[in-house]
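Could you have a look at this structure, given as structure tokens, before my questions?
Going by the order they are written in, the chains are A, B, C and D; count residues from 1 in each one.
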Amino acid sequence: MKHSLLTAATVACAMTTGGLSLSAHAADDYKLGLVTFLSGAASGPFGIPAKNAADLVIEAINDGTLPAPIQGKGIDGRQITPVYVDEAGGATKQTSEFRNLVERDGVDAVVGYISSGDCLAIPAVAEELKKLTVLFDCGTPRVFEEADYKYVFRTHSTASMDNIAAAHYVNDNVPELESVAGINQNYSWGHDSWRDFTETLKVLRDGDIEITTEQFPKLFAGQYGAEISALQVNSADVIHTSFWGGDTDAFVLQAAARGLLADNQVIFTAGETALNSLGEHLPDGAIIGARGPFGPFAPDSELNTWFQTEFTERFGTPPTFPAYHMAHALIGLKLAQDKAGVGASTEEVITAFEGLEFEGPGGKVEMSRGKGHQAATEMVYGRLERVDGEITFTDIVRYPADCVNPPEGTETVEWIQAGMPGAECN
Amino acid sequence: MSALLKTVNLERTFGAVTAATDINVELNSGEIVGVIGSNGAGKTTFINMVTGYIQPSGGDILVRGESIIGKSPREVSLAGVGRSFQVAQLFQELTVLDNMLIAFGFSVDRKLSFLNPLRSAEKIEKAQAVLREYEIEQYTDEVVSTLPQGVRKLLDIAMAMLSNPGLMLLDEPTSGVAIEDKFTLMDTVMAAVRKSDAATMFVEHDMEVVLRYADRVLAFYDGRVLADGPTQKVLSDPKVQELVVGHHLDLSDSAPATTKESGHA
Amino acid sequence: MKQLIAILVDGSVYASWLFIISAGLTLIYGVMRILNMSHGSFYALGAYSGAAMVGWYFSTGSVPWFSFVALIGAALVAGITVGLLVERGLLRFMYGRDEVVMILVTYAVLLIMEDAIKLIWGVEPYFAYQPYTMLGRTKFAGLSFANYDFMLIGVSILIGLALWYGLNRTRNGKLLRVVIHDREIAGALGINVSRIFTITFLIGAGIGALAGALTAPGLSVVPGMGIEVIVLAFAVVVIGGLGSISGALVGALIVGMARATAVHLYPEVELFVIYAVMGLVLAFRPQGLFAVANARKI
Amino acid sequence: MKTKSLALLFILGLAILAGGLLLPQWMSYLFTIAMGKGLVVLGLVLLMRAGLVSFGQGLYYCVGAYVAGMLTQFAEVTDILLILLASISVSVVIAAIIGLLLCRYREIFFAMFSMAFSMILYGLLVRMQVLGSTDGFNVANPSLLGWAPGPEGASDLVLAVAVFLVVSLGILAWRYLNSLSGYAGEAVRENEIRLEYLGGSVFKVVYVKYIIAAALAAIGGTVTALVSGHVDPEMAYWTTSGEFVFIALMGGTAHVAAPIIAAVLFEALRTYAFAVAPYTWQMILGFALLAIILFMPSGLWSLVERFQNKKARKTT
């Protein structure tokens, strides 16, 4: 028994440290940690499109081929070398991987995180390790509402924006609106989306709205037969859903087959990712959102044309909102670094990043919330309409950033319940 | 003073099958009783009921005047009833010593200590003394599952006897043991039993063994007690010979006292 | 009234789906004493191969009705082939190991298959909705239901009947039941237990893949879909009694109805209604409702 | 012989602590997480030695983590000792109630039923928006006896506490396993009937072990929460519990140090699998698991034992 512990400890140490050589890297590269879902249910709709966008944009940045006004090769005078990490495994695992990226792989910055849980957990570690981190896709407003961060930025709006705008849209565009029903996934995203939507609607209509049923099926449940029946039994003028990925697909297929989509007005706050695959099952009149001015709602600009063409050519499908989110995060990071100048310290880059305004393929991004660390953008909804079999959109409404994003220093729910003071909607 | 064990109209049915019925037995300290009967006659059912392993369908079981109906095996054994099993029930993958030490801990010390080592020198000493008494000391560090049946049977009985039960029930102590070892085993066991003044019942198919060690015999037939009395008397009962033993027994030259010595040689 | 009809129909549809996904699991456990975690991967495998085949089939522009055959055929072939590989290549070296170890072995198979599926088919969603929409819908009591879902009920009844017939009326089935009842006796009777195991695993894997294929048309086939169903299938099987086919049927019905009721009347408890049912059943019947009895041996 | 082993354990602890403080931070973080998980697995191993495999230790892991999170975040209690005390108390109370039901079951039923309980907690937490639903919430930096090292020193503090806990609880567990109560587990695994006829209460033995395992899991959860700074319901999800069983199997049940070392190796294996094969890390884990089951049925510790036997043969 007596040497067992020493032996075991030696084996353990040898095996743990054996892989250290992985971290060797060239000094003149800009190492960028990229964290996105490469496995699991979120990889198809979010993770991989985002990774594809990253590949495309990083290559363009390195070659200096991004359209004007973005200039220069590389970032901080260096070529970007991406280090990809799978976002699977939960927040504890991801904080561990974040440390590995920063301390083992020695990355210069990290861009990543789709899951809200990860986006809540990572910033504290980023602060501790003093590493510039750009959150690129997660929706929860809690990140900059619950704390202030120096090293953390988010270059897109929170999911609150989607649902506040959704409430505006149905209030303005659905005639004789009296009742709503909801079907959202049973986790934070679904709960928050439904809450923001209904709370806003109550404020907009002075409480004159009836909620017929609130369904919260399990995430990735796949079978929505009972929920669809419940939506049919408790028929409402508008059905709200913040489903994404495979759940949207399953819901659309099953609801379409049972006539729910034809008989009811449905608003899909994150429905854009399903357009390419399932457009033919969505009936005319379905209200679609893209979590910002992305995809079909993206502005007509040189940058966007480049992004759409190149992306579609290379990957076979047009870019969806996670791809835009990724592009914005990378471009934002590059512009902040350019503004601070070559060889600038992290602190100088942060100062340059704070309050930055820039144009991405998805339009204007203002880092105007969360003490300059949180972006606010406009939000767009439109109704699907087929013209000669091609999907187009009508009744497109653009909501300015200051209409659908809570002002600096307020918490979303409180702001909505207070009647959304200071919202500028024209 | 009440009897050590008394059963009153004990009965057990399994569905439509009656495994035991109308069993009235009384037993006092120091008695050594052989239980005989063909397979399915109710012997094991009887022992299982008396030790709380199965509950009777009717009747009562009194140990020192107290009913044990509804009590679990554990409560029954705490009331002073010990048993061994037809197939030795041991901690198979542990050593003989550990088996004995655990048995000591639970049935003698009765204190579930958390931090005192089980294998203290003092406890090992005690355990080995017992193993010596049962003549299995040489197997101390062997793993039980590797040992021959006879050794396991002895260990099983030794463990059951540790707490000095007032009533000891041995279910076929010699089954699975080679014929030539049967008497050695029984001698060892009986020596220990006699020392403790426990009342002992043992189920046995071998009439030679019964003749040699039992003072009294309970003969089971078809779930009932067919005969109950001194060994010689019961075994010479023609009804018992016909229904239980299955053949004629010649009892003339096997007086228990004489063969015991020769069997040992 | 409308609600009651909805609950009954939704419950039955969900129950038949649950039965199809759990029948193979319980069969394998009953015969082989393996709680097969990789059952979820066979489900995913069936879904992917079925969907890929249907996608290809429609690209050839052949008769739409035949797509059902393509869907099911592809899944069965894939399920049985991989099943054979797993059983002959791995599991047979493990027979006799502890049940819990077997859970981990099949868990490892699940991890490997998940990534293997990803390597073959990528992470993009696959669709096979044509069979789902082709059958149209039925309206009654102010509600409309997809005919495909009714077909699912029929298929689950067919699978149930087939299993019942196979186990009770065929020679091999009777041998299988001997193995379920007492493996030692089966060995002593000269039954080739190893062959029975192979056949059982193939049937179980086949049904698992079939379940995936039948589910595929109603949704998009995406990575991780197998992990999601496995817990559900476990719950159903544990409620019904591990190893019992009729138990799986009753378990599926109970869970299906409980869930439909929850969705319609108390949507907020939907997520753990299934565990509550499982807890309740186990608290009163530790072996599940229809457990294959295990004699206590002394 | 045993005291020497104990001394070695102690030295090993000091070495890890010293190493942990000197090593790059990502490694000391990995060690701390591994210590936390190792404690959970230690509890699991206690149960496994009694023949019971729990697929629901995530329940107490999560409880421990949430107690830590809620105390630091909502009650502003940051003292590690108080937090540990609270999470032990809460987990023991819960285990004492659930154990009454659960400890009647064996084998696969014990496994499945324990999983069901942890999934119920998962379901409850997902519904609780105050606690951040699936996103969970952040845990504030801990302090010790009034000393608050701030964000930079917090992970070192937790590392030190974790090492202290692992060493002291390891020693306690060792003594426990060598006592009658410890052996009672083996007795339950080997033969419950015999134990009952010896006058021992099988239920009591299992019940006590279940509660101890729960407390260890809660301590592990607390350590993990404090070092990772975040808690979420994923900790109660069945895959988390499955991971603990994986680690337990990897280490084997022969020694109290096995779970800790296995946890370190597991974390290392996983993080390198993540780095080397971001697309196929699950496959790597799967093959590793299979290899262990096939070639080292008693876990990695059997390597150590084999080495010892060789050495023993040489010296004699």
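The working rule: a contact is a pair of C-beta atoms (placed from the backbone, for glycine too) under 8 Å apart; a residue touches a chain by one contact, two chains touch by 3 or more.
Not measured: the values here are computed from a predicted model.
Number of steps on the shortest path from subunit B to subunit D, with steps defined by chain touch: 1. The most central chain, judged by the distance from its Cα centroid to the centroid of all protein Cα atoms shown, is D.
Interface comparison, A-D versus C-D: the pair with the greater number of contacting C-beta pairs is A-D. Placing every chain at the mean of its C-alpha atoms, the farthest one from subunit D is found to be B. Between subunit A and subunit C, the centres computed from C-alpha atoms are 35 Å apart. One simple way to say how far apart two chains are is to compare their mean CA positions; for subunit B and subunit C this gives 51 Å. A straight line joining the Cα centres of subunit C and subunit D is 33 Å long. For subunit C, residues that reach two or more other chains under the stated contact definition are 114-115, 118, 268, 271, 298. Contact with two or more other chains is made by residues 85, 89 of subunit B.
Among the residues of subunit D, those in touch with two or more other chains are 2, 126-127, 193, 279, 281-282.
For subunit D in complex with subunit A, the residues that touch the partner chain are 1-2, 4-5, 8-9, 12, 15, 24-27, 29-30, 33, 126-127, 129, 132-138, 151-152, 154-155, 224, 228-232, 234-235, 240, 255, 257-258, 261, 264-265, 267-272, 274-276, 278-279, 281-282, 300-301, 303-305, 307-308, 311. Taken together, the subunit D residues at the contact with subunit B in this complex read 2, 172, 175-176, 178-184, 186-187, 190-191, 193-202, 204-205, 208.
Against subunit D, the residues of subunit C that register as touching in their complex are 35, 90, 93-94, 97, 99-101, 103-105, 107-112, 114-116, 118-119, 227, 231, 234-235, 238, 242, 268, 271-272, 275-276, 278-279, 282-283, 286-287, 298.
Residue ranges on subunit B touching subunit D, taken from their complex, read 51, 53, 72-74, 77-78, 82-83, 85, 89-94, 98, 101-103, 105-107, 109-119, 159-160, 162-163.
On the subunit D side of its complex with subunit C, the touching residues are 53, 55, 101, 104-105, 107-109, 111-113, 115-117, 119-120, 123-124, 126-127, 193, 238-239, 242, 245-246, 249, 279-283, 285-287, 289-290, 293-294, 297.
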